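Think of it as A, B, C, D, E and F in the order they're written, each chain with its own count starting at 1.
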Amino acid sequence: MVYITRKEHFSASHRLHNPDWSEAKNIETFGKCNNPNGHGHNYEIEVTVGGDPPKDTGMVMDLKKLSDVIDAEIIEKVDHKHMNHDIDFLTGVIPTAENMAIAFWNILKPKLPHARLISIKLYESPNNFVEYRGE
Amino acid sequence: MVYITRKEHFSASHRLHNPDWSEAKNIETFGKCNNPNGHGHNYEIEVTVGGDPPKDTGMVMDLKKLSDVIDAEIIEKVDHKHMNHDIDFLTGVIPTAENMAIAFWNILKPKLPHARLISIKLYESPNNFVEYRGE
Amino acid sequence: MVYITRKEHFSASHRLHNPDWSEAKNIETFGKCNNPNGHGHNYEIEVTVGGDPPKDTGMVMDLKKLSDVIDAEIIEKVDHKHMNHDIDFLTGVIPTAENMAIAFWNILKPKLPHARLISIKLYESPNNFVEYRGE
Amino acid sequence: MVYITRKEHFSASHRLHNPDWSEAKNIETFGKCNNPNGHGHNYEIEVTVGGDPPKDTGMVMDLKKLSDVIDAEIIEKVDHKHMNHDIDFLTGVIPTAENMAIAFWNILKPKLPHARLISIKLYESPNNFVEYRGE
Amino acid sequence: MVYITRKEHFSASHRLHNPDWSEAKNIETFGKCNNPNGHGHNYEIEVTVGGDPPKDTGMVMDLKKLSDVIDAEIIEKVDHKHMNHDIDFLTGVIPTAENMAIAFWNILKPKLPHARLISIKLYESPNNFVEYRGE
Amino acid sequence: MVYITRKEHFSASHRLHNPDWSEAKNIETFGKCNNPNGHGHNYEIEVTVGGDPPKDTGMVMDLKKLSDVIDAEIIEKVDHKHMNHDIDFLTGVIPTAENMAIAFWNILKPKLPHARLISIKLYESPNNFVEYRGE
């Protein structure tokens, strides 16, 4: 088993806000991340798949194809967008990095039928990041 | 003359949009940066000042004080904000990195009376950045 | 289960030295890290906690609170200090990155009662780092 | 158990090519990585070993010695070389990052008899990397 | 005057070799960079242009267009190639970073008629880089 | 004229302290950088030289030779040392990054007789750095 990872980038904005809560409770819980007009990040996403590289290619999976799947299924939909308003698959979900990573996993899993998806790592900034492993 | 630089960070969102133009011209000019709900970045700002370090301190300027000025005058105002809606000093200005760097220069210049402000460098992403030197 | 990580920074000095050994054995074992006046690093610490993000916040834990705990319990005590002389909780311990990571785990574990501490990763430099997972 | 990691660097070129295949199938499979004259990378290799740091050294293993082993066994042989033509231990193997990581593991494993080799991570670029854990 | 910079990446191989010299003089001069089968790098190119951002766009130049020009004129031609064998515009030139930066300047200069080209910075690795400013 | 830069690294400790001042004035001026036992950094030094690359080498200067000079004249003397106690050429000087950069310039200048020394850039951390250009 070898693990291969492809990193992609996108720039987006979001607001942490629970519409079922009062303004005061939102501010107390989410602090400056609750700013009504939102704020943004240069996100980095690392997708790891695992497998046994066959002798005739030496590749677990073509990293170019992995990159194409991530671009088509994720980056095209979220790059230069607002996570709270522009993204169908995040409707009704608070767009924390945790929830975004889970949503990305659920999208990519069926699009990679021949590979074993191991991990989605999402960097909101160099100092804040999350990982989801489908557990 | 020695140049000293302090780097600070903030996360913010913006939209490139000229309200005097048609929607079509805005999209043609600004592309996906014109998304109505905006998008965002992890910005990095590098402020460089120059001077001759005096013998008794060996410092052009206390980097902690430079950091405090940048934080109080810039970061506190723009971090976790939307450049088009939340920032007094950017009212009526298209918040490109170019215009943001010029605005930051104009704010910091009078707040650093004992130092020679040399450059403001603003990174929108690791691949896109601008520099303004007051010229 | 989602894993969230917060990275913090501190600058400190240390000396690798076993007082029970001869000078010769110390130099043979620790090389230039045994320099009597010490040397230093810009350390980076990554603290990972895991959990299931509840629906009403979407957060395993507030990263701001995790940052505050790391700052209060670790960074405030070690930043701009000498690991061999200034740190109560490292008394009698050779301040290798391994021992520092274990000490940081033991400090943070009881301060994060509502989270599951998964890993402490400590970078001495971009090329040298250690990880402790409480195993 | 503490995990310690040492990162080293080398610059090399390679070509992804299966000599048993037609030119067309090679291009279809490997794309621009099949360029006959090859292309290159600044590779980064991270070697992780695990252990219980003994009280008298506080070190799982001397990172300087780990670095020396990696340098002597790997870096000296692959730095500023062409993976397809210059490397004995890669003869008959397509030099993908996957196969290189496995080959490096097989070389290092017997050279680290007193440590527990945990992982070889190989970065072809900041966006493409693989990991092999001997599984 | 504001300076804007766009960074792009390519992976390529090269060999430092003067065909007018003996093998011995080549090895003495270029060391391991003279390896007959070449070696490679992940190159980074930073292109800086300067100008006064007009009020209606706030942009010295559309960074997307600058990126497109660099991609079409440079990256498409050098990515995943061997500098000594595959590149028309480097024929007869030793492909040092210095000569590559000058060649890139000469290609880009006429393709950016409405901008003032200020600098080409070329990173062969994080530790080795050159800059050409047309002087 | 092409500018070439070589980056090197060292780890060291220092204390900002003026022995002619009271303890109170030292703490007021240098803050936590005045900690009696010192603190440390992973320093990065970038040395830039300029010149016209001759046709037969294509190199302003052999970067390997530049690296060797920096290593022999600077890194060997300061790596894993305490700037206040272990360094002859810093005796009587407060080892701020400014003063260290000037000292490094004065050492390297006569050791590079065939090159034009342009700049010494010294990073104390990714967020704090200085540059000296011999002006």
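Everything that follows uses one rule, which is that a residue touches a chain if its C-beta (ideal position, glycine included) is under 8 Å from a C-beta of that chain, and two chains touch if they have at least 3 such contacts.
A quick note: this is a predicted structure, and the numbers were derived from the prediction, not measured.
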Partner chains that chain B and chain D have in common: A, E
C-alpha-based rotation, chain B on chain F, 0 to 180 degrees, nearest 5: 120
Geometric centre distance via CA averages, chain F-chain D, whole Å: 33
Centre-of-Cα separation between chain B and chain A, whole angstrom: 28
Rounded Å distance between chain A and chain F, as computed from the means of their C-alpha atoms: 41
Set of chain A residues in contact with two or more other chains: 126
Of chain F, residues touching chain B in the complex: 16, 18, 20-21, 29, 31, 93-99, 101-102, 126-133, 135
Touch list for chain D against partner chain C, complex: 1-8, 53, 56-60, 62-64
Touch list for chain F against partner chain C, complex: 9, 11-14, 32-33, 35, 37-42, 79-82, 84-86, 125-126
